[in-house]
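After this come two complexes, each holding chain A, first together with chain B and then together with chain C.
== the complex of A and B ==
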């Protein structure tokens, strides 16, 4: 199994990730798993060319990401997803042991869960279902923060 | 006149604009957008797109505070709809330099100036004393 860190953050590759997470994880590869961006030539090249030094950035669909993670790789991989919905699709395709919820803005039907993490009832239910599958679901914005673990039912 | 837009984490850009007025007086044709904690990326993007659309048709130079940050990402995305120059890693002397040279230089000359003067604006003072 590859050394993979999965994070749900609707801002994807941004300040907190570039400044804190990537150095902390010592990630050499970042995969933006997002169907919309993967199919948008402009956005794909924009994101892939905006990576921090020493990190290869790929923009892939959820399906492509699952395939990518199945191949053995030496480097630590950071996978970023914009939504819980995308996460739910990814974990059904590839075996993952833990996930990080790092940033979800306020939006339709969402309530503030913790700090800058907002979740709808459906999203929270999905996360609990994931936790039931023996996958560790943690809410943690920055590496130095204390993780809040979402328990299954 | 070339338009200036600042998009930053928190009120950095807003205050940069205000602070520069201590030195060069009122800065015309300049706007700022502050990105606050808890705000979604989509909200930020909508703000950036709306303000860019409302600016005059004159040329535009957009500044963001950090390479790879959300303001940077949002501004990059807005480049899909309008042509402008985007400079990231803005600082105080650099901003002042550009705000006052807008009238005399072309956008392209300003961009070249930024790259040259931007690096010069950061000085390791102890070392400078030693070598001078």
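== the complex of A and C ==
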């Protein structure tokens, strides 16, 4: 099985990820799993050209990401998703052992869950359902932070 | 210390820790320990001593990178306290930095609660907007958060000051001999720690070479400084191309400059967990929308659209602001939908944050600030200002050029900027230069201030600290 780290963060490939997470994970491949950006020629090339040195960045739709993860690879892979809804779709297509929640902005009926992480009731329910399937769901903004584990029902 | 000293110092601490109202460069200049220590020293009429204490605090915080408001201690407060104790109680700068170190955690309170408290202003703004009162964004992004921050920073500073006086009454600082060695361990640990972090196989060789050059041959720090500046001048790409200024609509140059000015001053003013820089983005669009719309409610609605969650690196990310202004203007003229503007902003902000933090905060700031520290440790106090001024000019240039090119060239400029930054030779040279600066700094510290060969304990402490770092790093692997 591939060495995959999955993070939900609506800022995708931003400062915390580039400066802290990528060196911490020693990830060599970053996959941005997002249908909207994958289908937008300009945004895709913008994001793909922005990876730090030594890291290959791909922008793929959720379906393509699932296929990509099924192939065996040696490198550590970081998958970034913008939303819980996208995560829910991905997780149904490919087996994953743990997920990291790193940043979700306020709005759309969301309430503050922890610092800069906001979740709506529906999203929290989805996460709890995921946790019920024996997948570790942790809230952790930076590698050095203490992980808050979301437990199933 | 008089009341006017206290007053000036607390105003200064507010100004430096706010990182607002200083054209965006406060974070790269007065917030840095070497400069903060110098200004605190200036207020207490001994700028050189203050600067020296600040420089040592700066070495302790040399690996400091803030990504999204998260870091270990408040370096600015630490530097101010170090300068104060060093001048008021006539302590050695090393003793002062050791004593001031714990005070940094007091300052972190501000950062920790600031993001929570600023949510209040976001909510008041939202409520007023829903009540159709067309709230003024500059009040909720600028005035109120800054007033609150002033109260908070003054409280923290007063607490730090009281604690300092109380502590000195309980145990006379002059009598704590161990302070000197604690300071020495902190400084050496930090220097070696960062040396390990530099991923380059020659880091120790270069460190050793400049260390010996400074120690044995007595080569002055300014020689290394001049060499590095010359290398930068001759090797780093200086190509600057500003787009031709063509104005198709009501937005003119002075509107762009004003919008940039607001952004630079207030990007972190109302930094909140809810929106991060959202309100600041909207704030910098205020004068633009005043040009594009006549009706007060239309203006307010357009500004409100931009208060959504936004976070980027404020200097590298300015093309987003320029480009969004161009889009807003274009859509207004053609009377087209604004729907995709939010999507474009969100896509670009993360990229420029990743690109920006790994360049301005990880390379530019440590490179120039450490050169200032190095010159200061070699007792070149006035030349130590030069790297800081250069850094400030560079940051201003990056942000201004980005803003204007974003407006005139649009999204293609973002691609170009990514390419330029990624191809910059600074990435290659930085580890060499930084190792060299560290070696020279350490040699000047030992040569001018510590003189280990006069004291066996000092030698033991240095070796102990170096071994400690070595063991810890081995353990991590």
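Rule of thumb we're sticking to: the second predicted complex is superposed on the first by the 153 of 153 C-alpha atoms of A that agree within 3 Å, B and C clash if a C-alpha of one lies under 4 Å from a C-alpha of the other, contacts with A are read in each partner's own complex, and residues count from 1 in each chain.
The working rule: a contact is a pair of C-beta atoms (placed from the backbone, for glycine too) under 8 Å apart; a residue touches a chain by one contact, two chains touch by 3 or more.
From a predicted model like this one, the values you see are computed outputs, not experimental measurements.
With chain A as the common reference, chain B cannot sit beside chain C without a clash. One of chain B and chain C touches more residues of chain A, and that partner is C. Look at A:45: by the touch rule set out above, it reaches chain C but stays clear of chain B. Of the two partner chains, chain C is the only one that A:20 touches; chain B does not reach it. Shared-chain residue A:142: touches chain C; no touch with chain B.
When the two structures are aligned on the shared chain, A:12 is found in touch with chain B and with chain C. Chain B runs into chain C after superposition on chain A, and of the options 80-88, 134-142 or 386-394 the stretch responsible is 386-394.
Residues common to the contacts of chain A with chain B and with chain C across the two structures: 10-15, 18, 42-43, 46, 50, 52, 105-107, 115-116.
Remark: chain A residues 10-15, 18, 42-43, 46, 50-52, 105-107, 115-116 touch chain B in the complex.
Those residues of chain C lying in contact with chain A across their complex are 65, 67-68, 70, 115, 119, 273-276, 308-309, 311-313, 343-344, 346-351, 353-358, 361-362, 411, 414-415, 418-419, 422, 427. The touching residues of chain B, when paired with chain A in their complex, are 9, 37-43, 66-70, 72-73, 76-77, 79-80. Contact residues of chain A toward chain C in the complex are 10-20, 36-37, 40, 42-43, 45-47, 49-50, 52-53, 103, 105-107, 112, 115-116, 118, 141-142.
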